[in-house]
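The following pair of complexes shares a single chain, chain A, combined with chain B in the former and chain C in the latter.
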Partner chain A sequence: MRPVDSPTYARSLHPGAWWLWALGLAAAASRTVNPVLLALLVAVAGYVVMARRSRAPWAYAYGAFLRLGLVIIAVRIVLQALLSSQSQGIHVIVDLPEIPLPAWAAGLKLGGLVTWEAVLIAFSQGLQLATIICCIGAANALASAGRLLRTVPGALYEVGVAAVVSLTFAPQLVADAARVRAAQRLRGYDGRGVGGLRRTAMPVLEGALGRSVELAAAMDSHGYGRSSPVPGTTRRLTSALVLGGVLGVGIGLYGLLDAGVGGLFGLPILGLGVVLAAAGLVAGGRRTNRTRYRPDPWALPEWLVAGSGVACAAVMFVVAARYPAAAYPAYPLAVPSVPPLALVCMLVGLVPAFAAPPPPDRLPTATSPGSKRKGTHAEEIW
Partner chain B sequence: MTAAVPPSDGEPLIRLSGRSAVVLAAVSLIGLVAYSWPFFVDPGAALDTSHSGDAPWFFVVLLPLLAAVVVAELSSGGMDAKAVAMLGMLAAVGAALRALGPGAAGLEPSFIVILLGGRVFGRGFGFVLGALTIFAGGIVTGGVGPWLPFQMFAAGWVGLFAGMLPRWRGRAEVAALAAYGVVAGLAYGALLNLWFWPFAAYSPEVTYVAGDAFGANLHRYLVFWATTSLGWDVPRGVLTATTLVLVGRPVLGALRRTARRANFT
Partner chain C sequence: MIVFDKVTFTYADAPSPTLVDLTFDMPEGELCLVVGATGSGKSTLLKCINGLVPHFTGGTMAGDVLVDGRSTRTDRPRDLVDVVGYVGQDPVAGFVTDSVEDELAYGMESLATAPPTMRKRVEETLDLLGLSDLRRRPLTTLSGGQQQRVAIGSVLTTHPRILVLDEPTSALDPQGAEEVLATLQRLVHDLGLTVVLAEHRLERVVQYADQVLLVPGGGRPVQLGAPADVMSRSPIAPPVVELGRLAGWSPLPLSVRDARRLAAPLRRRLSDNPAPARSEGQLGEPLATTRHLVVTYGATSAVRDVTWSVRRGEIVALMGRNGAGKSSLLKAMVGLVAPSGGTVDVAGLDPSRARASALIKAVGLVPQSPSDILYAESVAAECAQADSDVRAPAGTAEGLLAELAPEILADHHPGDLSEGQRLILALCVVLAAAPPLLLLDEPTRGLDYSAKHRLVAVLRRLVCGGQGVVMATHDVELVAEVATRVVVMAEGEVVADGPTADVVVSSPAFAPQVAKILAPLAWLTVSDVETALERTSS
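Let's turn to the complex of A and B:
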């Protein structure tokens, strides 16, 4: 067993594994509107984030996504209560005064009867979307975008470098803006109004543009962007793969949208198009031949974390198929039932809290030599 | 490379070859379907949502691959260090603007960077710049989600069409850009509501009905747009246009100056 296979060896997990796990949880949430199961999924994602997040700036994203989820639920409940025109139940909470709207609003009304059923259905549906958002927030908090960008296919190499450049310089630009504003304040400008905006924005922009010229000169002098000569056959093959893939996706979509053709025709052609396009991406990567410095390993913990997400989604698909009454409760006022199999799904989703290695910057300094190294923000992103 | 000519307006930083243009047009068409499919799906077709609510997620999965294909295709003509550095730096400016004013009343200050970048450095560059700005902004603000590919495509189109505006100079250029800014702000909002509209179950009069007639769904969507997001889209368009009128000329001048200075190969 290599050291990277151990769940206690402190290192950053491969970001792809975190994304697979989070997408698995999101897929599980898409299979149910049972509020108990959805709340459990949010709790599972939150627990794993708390257990395995690093001290990097993006590690606090989960809270923002949680707030966004609460906003989604609140907006949905308020709109449902204000706009719903059919009475969806018999348990009335309140009878709001009704405001008639003009004819172009097609019978839309404001106010009227608000029932418990309508509010609770809106809550469950809002909670489902909020849970999916929270799962994605967990991936944002756990996976380093910079490390994920290092794994882009060769065909996207130049744009990947541009993305890393922008991620490295964006925080510096915010600092630049603060510096320019401070300088303007020393000169007696208060930095407000249109003139203030111009006096702050233009120096920051000019600075950024100047830096881009310097960066381009530095990259050019280091031999950046020398692509290897590609034989004509490879170029033609790439063309054929990309064009064929796009054509296949287009025809397949047409098949999926048209009732006369039927999904049996559309789906295979779409799949073929997706495979061709992906092959075109790989073939297009031939023009940049470069090696990767210290690639992130894909070891046992990565398999466990990614497998946990996939298994969680699979179990929830089984639950939705076998216990439809629990996955989609018909009567919103009753306490929803929770089948034991759904709890297995939650436990499977919790596996990364123990199977993933702890991030190197969360350990006490005595046990980890890596935590003594001070990393700048730019280094973190790279 | 023999880039003796400065990459100013006559010389786009990312050259659109015939093949790239075909792929860009085809993928844009598919992207448009990914937004507007609720209007075109037949009752009983495989993507009909009346028996399963998964059709919107299908496009969420498909669009990132398409975005990767089109961006790889646009950069396959050879992106030199200048294009990469300029792209990264302008995307950084846009991402920082997004981080500073995240969605306050739907205002999108990074639109100005995308618009002017596309105008000065060409349509291919504009498309990649729009997509990359949204991507980097999403990562900086920790906002990577199912909405990201849709935003990337819409912002890419904002930059693409900015590069196709008529080649006027002076006041006429700024006026055309400002008028385009209003249109782009409104169109961006109208397109972006579409991706989550099939999820939104608020009230029968504004909700998507799977398999209903094109006109009926379109009317419901327009009511939905007018009642929910128009109040954000109008300020976005107006603010973009106002800012362009105020700072358009100096920023255009700065971008063109940099394009001349970067002529060192």
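Let's turn to the complex of A and C:
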């Protein structure tokens, strides 16, 4: 057994494994609106993040995504309470004054009766979306999207770099906007609105444009874009393969995740798509002549983590098929039932908290005096 | 090593060429300093060396540039990676990845270097540049000097023979600049690299140069030669050189050490003269006062228990290393951050609560990057907007601009102005409201000597008119030139506060070159010495 196969050998896990695990959890969440199961999934993701996150700035992303999830739930409930039509249940919480709407808005209402049923259903549905977002947040906290993109195959390298650059630009733009907004106050201007937006947008966009040009120059001076020539037929074949593959993966995933179509229809198309895309990437990879510095290995912990995500999703699919009453509770006021099989799904999802190696900068010896301070700084950013 | 053969270059749409008929030959293994005013074409010249000009910028080029025998006509920047390493003005803008190690490896990945070689070179480069403690750190958490060293490292890993740097220390505090310059010295002396760098802060670098290339701009021919030689004729020179020229020293000293050896007679002549006192007499009432001010961001406190005041008629320099709390103090005084303890009082207003339009009549701040407060499409529109923002009579800002920088035309786009011109424009925008207290955050970043002189003249005029000025700066020569009082901060606290001469003369970090040469006499600037000498001779 190689050292990298040991779950106690400190190293950073392959980002692809973390994303597969997180997407598995998200897929599981997409198959139920049972609030108990969804809350358990959020807890599982949160526990793994706490156990295995590093000290990098992105490791604090989970909190931000969790807050975003709470906002989504709140918005969902408020909209449901104010706008939903009346056939929602009999347990009334409050009777709001109803505002009559014109004839073209038939089916909508504003105000009126707010029932417990309506609120709880809205809560469950909001929680489902919030859970999916938390899973993505967990992936971001454990392996930033930037790190994931570094592992893209050679054929997609240029696209990957473009994506990485845009990812670093987004937080930069937010920081710039805050700075410029503050600076505009220095001109003695208290106003907001359209004029204020223009005042902020102009310097921010100009700055971003200037930085892009400088970055392009720097990348050119670093040897970016050295490629070997390939014949036109190979290029066209590659494009066709990749396009067909992406299409297949898209349709396949839709088939798998959309409960109405039925999972068995999606699976073969997904498989075909993956094969096509892989062939296209291999063909396209010949064009770029690059090597990779210290690639993350794919060893036993990666298999376990990725497998845990896939298994979690698979078990939840079975739960949804076998216990539809538990996955989609019909009566929102009753305490939802939780089949034991669903608990197995949660336990499987927890595996990475023990199977994934601890990140190297979490070891006591590696804590530098500066890292603590930087941590709080990062928190501010997120 | 680097041969320019009759190079003429014109940017697309430019009315006249930026570089005219350049011919010179830079020898191998030397540190060559490129000197010239803003807009003289220094950056363009540096970009010619790795082919960014004309491959990346576009434009029309005549003549030929040969680096290590390869012509930039045929080789693009990406093909020259193994010969020339180019580090641009802002290292952060050039970072492609997000951690130190990845950034160092990036160039080699593009060259398809074998993984074992890559691993070895990254380790070597980490040691060479003293970065091994930082190897896993995200790039955004590094200090300016560390970022600059990572940028240098990222081009060194491909083992180029030439390193080109555009103003590597302009944006750094003295400590960061020392780090970078020590690194460059090491590369030249230990590895025999040819280093070409452009820099405005000549007082920092000229003593390390083996060759100086003077770019006068405006189509006049460049001069390449020994530093002392070129400096004796250069219109742009650090204080040590100006003092040497004034005293007629030969050979012309380039470092404080050389100058001190020659300065004994001058010190004797000056010892009878009282060192000039800065205007201390006509100080007016306090313009702003802070009492036990505390500013915190999250868990870190940037300003700790600061009690001080600024009065009419004084120019206060706030000094101290990066992160000492200078900017935070200034921001608290204009209400950009709310104090978490203590009080700020600016003309009876609490800045964090006051309306911006009321506050600007009491205090104005020109931020670190002046472009942050500029947004209009032309200088004229910018000035008009400034007048209407602060309800000043139309034409106030434009009138100020005409006095301070008459060469800036009303139809220019603010983005096309030089760094110095943009600062003056931002200054006029803020001054349109005639705030009695003016705050400047790092006003001399990227300014050349002539722009600095103009700023000094503006500040002097303001204080003569009874205004007060506070500037946070690392530029010791500017402080020596213009400040009447110096406040030194460390870890958010005020550690020294007094008249300029008292604070800076004895300090190793903050003493200007003239003070170091003439110590223990308390002379600060060449012009002070010049006036004294004229007085004694007449």
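We adopt the following convention: the second predicted complex is superposed on the first by the 243 of 382 C-alpha atoms of A that agree within 3 Å, B and C clash if a C-alpha of one lies under 4 Å from a C-alpha of the other, contacts with A are read in each partner's own complex, and residues count from 1 in each chain.
Criterion: a residue touches a chain if its C-beta (ideal position, glycine included) is under 8 Å from a C-beta of that chain, and two chains touch if they have at least 3 such contacts.
Remember, it's a predicted structure, so these values are computed and weren't measured experimentally.
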Which superposed partner A:136 touches (first chain B, second chain C, both, neither): first
Which of chain B and chain C A:360 touches, first, second, both or neither: second
Chain A residues touched - chain C or chain B, whichever exceeds: B
Which of chain B and chain C A:150 touches, first, second, both or neither: second
First, second, both or neither for A:199, with chain B first and chain C second: second
Chain B versus chain C as contact partner of A:219, first or second or both or neither: both
First, second, both or neither for A:337, with chain B first and chain C second: neither
First (chain B), second (chain C), both or neither touched by A:267: first
Shared chain A contacts, counted only where both chain B and chain C touch the same residue: 161, 164-165, 168, 198, 202, 206, 210-211, 215-217, 219-220, 224-225
Of all residues in chain C, those that touch chain A in their complex: 50, 52, 55-56, 76-79, 81, 84-86, 88-90, 93-98, 101-102, 105-115, 118-119, 122, 133, 136-138, 140-141, 154-155, 158, 297-300, 334-336, 355-357, 359-361, 364-367, 371-376, 386, 389-390, 415, 429-430, 433
In the complex, chain A residues that touch chain B: 30, 58, 60-61, 64-65, 76, 79-80, 83-86, 104-108, 125, 129, 132-133, 136-137, 139-141, 145, 153, 155-156, 158-159, 161-174, 177, 194, 197-198, 201-202, 204-206, 208-213, 215-217, 219-220, 224-225, 227, 238-239, 242-243, 245-247, 249-250, 253, 255-260, 262-263, 266-267, 274, 277-278, 280-281, 284, 287
Contacting residues of chain B [partner chain A, same complex]: 19, 22-23, 26-27, 29-30, 33, 37, 40-48, 54, 57, 62, 65-66, 68-69, 71-73, 75-76, 78-93, 95-96, 99-100, 128, 132-133, 135-136, 139-140, 142-146, 199, 201-206, 219-220, 223, 227, 246-247, 250-251, 254-255, 257-258, 261-262, 264-265
Partner chain C, residues of chain A touching it in the complex: 56-57, 144, 146, 150, 161, 164-165, 168, 179-180, 182-190, 198-199, 202-203, 206-207, 210-211, 214-226, 289-294, 360-361, 368, 370, 373-374, 376-380
